[in-house]
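What follows is chain A paired twice: with chain B in the first complex and chain C in the second.
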Partner chain A sequence: MRASWLRWAIPAAVVPVLMLLAYGFKTNPHEIPSPLLDRPAAAFTLTTFGGSPVSLESLRGKVVMLNFWASWCRPACYEEAPTLERTWREYKDKGVMVVGVDIQDRAEAAQKFLAEFGHSFPNAPDPAGRVAVDYGVYGVPETFFIDRKGRVRFKQVGALTDEIARQRLDTLLKEPW
Partner chain B sequence: MIPELGYGATVAALVLALWGASAAAVSARTGRLNLLHSGERAAIGVWVLITACIALMLYAFLTFDFSVRYVAFNTNRGTPFYYRITALWGALEGSIVLWAWMLSIYTLIVVVQYRRRQPELYPWVLSVMLGILAFFLLVMTIPAPPFERLSPIPPDGRGLNPLLEDSGMITHPVALYLGFTGFTVPFAFAVAALILRRTGEEWITITRRWTIIAWYFLSLGLLIGGWWSYHVLGWGGYWAWDPVENAAFMPWLTATAFLHSVMIQERRRMLKLWNLALIFLTFGLTLFGTFLTRSGIIGSVHSFTQGSIGIFFLGFLALVLLGSFSLLASRVGRLRAEGVLDSVVSRESMFLLNNLFLVAAAFTVFFGTVFPLLSEAVRGVKISVGAPFFNLVNIPIFLALLFLMGVGPLIAWRRASAENLKRNFLKPVLAGIVVAALMRALGVGNALVLTAIALVVFVAGTIALDLFRAVRARRRSGDGWPAATLGLLLRQNRRYGGFIVHLGILVVALGVAGSQAWSVQTEVTLQKGQTVDLAGYHVRFDGLSATEESNHAKVTGAFTLSNGRRGETVLLPGRKFYPQEQTPIAAVDYRLGFLEDVYLVLGDFSRDGSQATVKLQVNRMVSWLWLGGLVLTLGAALAILPEARRPA
Partner chain C sequence: MIRGLARALAILLLLAGACAPSRAVAAPVDEKTVHDVAAQLRCVVCQSLSVADSPSETASQMRGIIRERLAAGESPEQVRAYFVEKYGEWILLAPPKSGFNLLVWVVPFAGIGLGLVLVAIILRRWSRAAPASAPSVMDPALRERIRRELSELDKP
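Up next is the complex of A and B:
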């Protein structure tokens, strides 16, 4: 009889949709795909707070972790700040460069932030916001992982963790150069 | 003190709602009236307690009681009075309270209205509504407690999301939630009817006005949302196919389908199963919308909050969908159509097509919205389909719907004769073609816009023709034109209310087509005193000024707008800097017009005020969206008037 299979088929039709939605809990909405992935990273030349120049061009051959931050970005930038410094100390002798770009900030506040966390990697203000625009930064913090050939390979939106940083850098360092 | 009182009221309301739902269900099975009365008292108690929650929350907001976490996170000492009230629903926890409160009011109205009139269905309806209410109270108790205590008490709060400091935020959520919660009533009646195996037209007739009211509020909520997006977000658009927008749009589509398909059941006793499925789907989609926007499974430009609440909503959604569809399936034998489809050229089949297209549109919106999830589940990469996908698929669907909007209401039932078709449609079709040709000759090149205009004229023509004939017929009884028209509208309010709603949709459709096709914009950096020209307008940059508002700093640019014909107007777009926000918020300034709006957004500027970047848009026909909303309101109001007399 027609009705007997409908009895099961109608409610069963709902199940796959519910399963898909449940799957959503396992995914991370912060992993936003960037159109920049696997494309050459935009070149930039900035002057660090210390007064020395830093450019992407000069870092070719190194894996670059490019972090956009601001002193007013609470709490995420404050959460990830120790991670950045730890990662830098752990990886600086393995061919990794960490560069911080401070956007839409006041110099005093930014320097207080750097002093508070004792950042020893180069950090530079982005006065006109040009670099942030080139990288399509939507909010801070955002971190871009650039491989030795100068291509953007990963993008992290929101606070970085030690695990993510390690995993991304190890992947890029393992690649042949 | 307030956190404890509020939490106590919530838990008490939850217990009462659960008791009331069970008592009503048992009384429905056993017929024990004392249990039913107990359930009714529980419904009243729930309403009183939730009202108390609202009052407590308002009191906490007005007195800056930062011991309540929700208050501390959504207001600060600078928040203006007005927004301390709307902050009540400015975030997740409070919106759930608002939702529950509206639902409790609807439940009370159901008690008052149907206690005597529907003695059989009523106990089950009460049980279902209190059960749903219990779910929202559960959400208020565990995953999203509005009265959570914050300790230590901070000296000042974080402040309301600045985007919500807008008058649209008073009405938008209220309208939207009145719409969402409104569908609970037809849903509850549908469930009750199925449980009792009363699968006739009864539940549809009883809930007809509820459905129209809910549909109307949902439409209004969508339009006000568009208005908010247009004048607050500062990108010059009103609709972006964002998941949050889609979440409200999907139930609107299925509800629209439902509003139409019930007419076939009432008239021809067909589509019984389909109508039940549609109302279940609509109610499910209102829950899904909340799930989608609150669970954080899909990223959105305005995903306001996230948390464990998603799991609760998914569980409830599963319960509702599996429960209602299983119930439906178990009664499938009783849901056979009594009428048959006689001809493809008939009102039944036009309505069927309308339903097909509306559900197809809902499905594509659903598909596009969950696509990032789907692609990640299947291929491991998260890909979003953006506006191009939605537009590509939906534009043809909506054009087809426009066409059906003209044909459906006037074509004959069962089988339309060539005479019927010619009498009702020949002149409107010609009018549509002539107007489109005229527009083409006047230089409108966009094929989509021409099609839309032709269809709009066609539909408006059918309505005008029908109204004209009906009024002329009434005039034979001696009334003048105005009296005859008014008499007709009131006597056949359902039919003509529907027509006026259709006219409202036509106006909105023209607004959408015109604004998409004819709006222009430019972005320039101006030195002080420099002028930019666009579409006959000249905009001169006159300088910047900075002000300190109660809770933010604001930089305002002064721009003088002239177009050679009328005098000069000063527009003052600005950027607002909230200490708690990471990026400045645009304060758009605009001059609205019937045919075009001038819309100005201030971008970056130099600190000394010598130069500023500005986005200038001339947006065509956007005002028609809001006008359409007004027409829609008139039509809906007419349609929900009680039908005093049967149409002749």
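Up next is the complex of A and C:
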């Protein structure tokens, strides 16, 4: 029969569709790889809640842990807050700087958050969201690890843990400067 | 007379004050251009909404950044490129028509074309096969029997 190929061609056409669906359902649509990894981190100059300036430029030569957060970000930002302060205390004398950037927040709520966790590292609001977009932030919390040469090396989406922070910082501190 | 003039002037100034500041700031940027760029970008905190359509604060800040960059003299293309540089091609609602993404543009049309060809082939087969094969399907013996039985019926 001349058109007998049609008999198996039609069911066979389903196979690539099924494969595409299988692939699509297995990937997490919320996990988007950052194009910023291994590229120079965007410069920023912000004013902390305390009123002092903080810029990436002035931190060249230090490993920077840049954390984006918000007081309305529950529960992840609250979960990781103690980790941030612990990490800062453990690493501040080893050449590490921790900087918090508060996005889409109200000043009073943000300051209440900082007081609640006793954060002693610089935290600054990003009122127009410029720094957040410069870092391709799409949700809070997100944490960027910037090496001594000022390049973005790791990105953590979601709550940071002591283990991840330590592992990332130790890796970057070991690199020759 | 003078008092009337002064009052008119005051009202005019008030009116000007009410409308002027926002216009003065946004004057160099065409809001339509801002909207056009925003409409091409995916709102990063929503599901399948553009930055132009989303009411979220993130989208509103992004529109602000688009406006700011256009005001600074960047072309809409440059502003788009800036967002792609920061978020990757993922941020574009329509994938670019090049490389692997070309598949997304080509496959649906290729699928429609293939489907049409398939339908045409099947329709032709049906329309050609139907009249030709119908008589030949009948068994000659059966035909003979029917003919015989019909003539039996006709007999009184």
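Annotations
Here is the rule we go by: the second predicted complex is superposed on the first by the 145 of 177 C-alpha atoms of A that agree within 3 Å, B and C clash if a C-alpha of one lies under 4 Å from a C-alpha of the other, contacts with A are read in each partner's own complex, and residues count from 1 in each chain.
Basically, a contact is a pair of C-beta atoms (placed from the backbone, for glycine too) under 8 Å apart; a residue touches a chain by one contact, two chains touch by 3 or more.
Fair warning: this is a prediction, and the values are worked out from it, not measured in the lab.
Once the two complexes are overlaid on the shared chain, A:I146 sits clear of chain B and of chain C alike.
More residues of chain A are in touch with B than with the other of chain B and chain C. Of the two partner chains, neither chain B nor chain C is touched by A:A159.
When the shared chain is aligned, chain B comes close enough to touch A:C73, but chain C does not. Residue contacts after overlaying the shared chain place A:Y23 against chain B, while chain C stays out of touching range. Within the superposed three-chain model, A:V96 lies out of touch with both chain B and chain C [touch as defined at top].
By the touch criterion defined above, A:A124 reaches neither chain B nor chain C.
Applying the stated contact rule after C-alpha superposition, one finds that A:V14 touches chain B and leaves chain C untouched.
Contact with both chain B and chain C is seen for A:Q104 once the two complexes are overlaid on the shared chain.
Comparing the two complexes, residues 3, 6, 32-33, 104, 129, 139 of chain A contact chain B in one case and chain C in the other. Against chain A, in their complex, chain C makes its touches with residues 44-45, 57-58, 61-62, 64-65, 68, 83-88, 90, 118, 121-122, 125. Against chain C, in their complex, chain A makes its touches with residues 3, 6, 32-36, 104, 128-130, 132-139.
Looking at the complex, you find that chain A touches chain B at residues 3, 6-11, 13-15, 18, 20-25, 27, 29-33, 70, 72-73, 104, 129, 139-140. Residue ranges of chain B in contact with chain A, taken from their complex: 291, 295-299, 303, 306, 310-311, 314, 317-318, 321-322, 325-326, 328-330, 332-333, 370, 373-374, 376-377, 381-384, 579, 582-583, 604.
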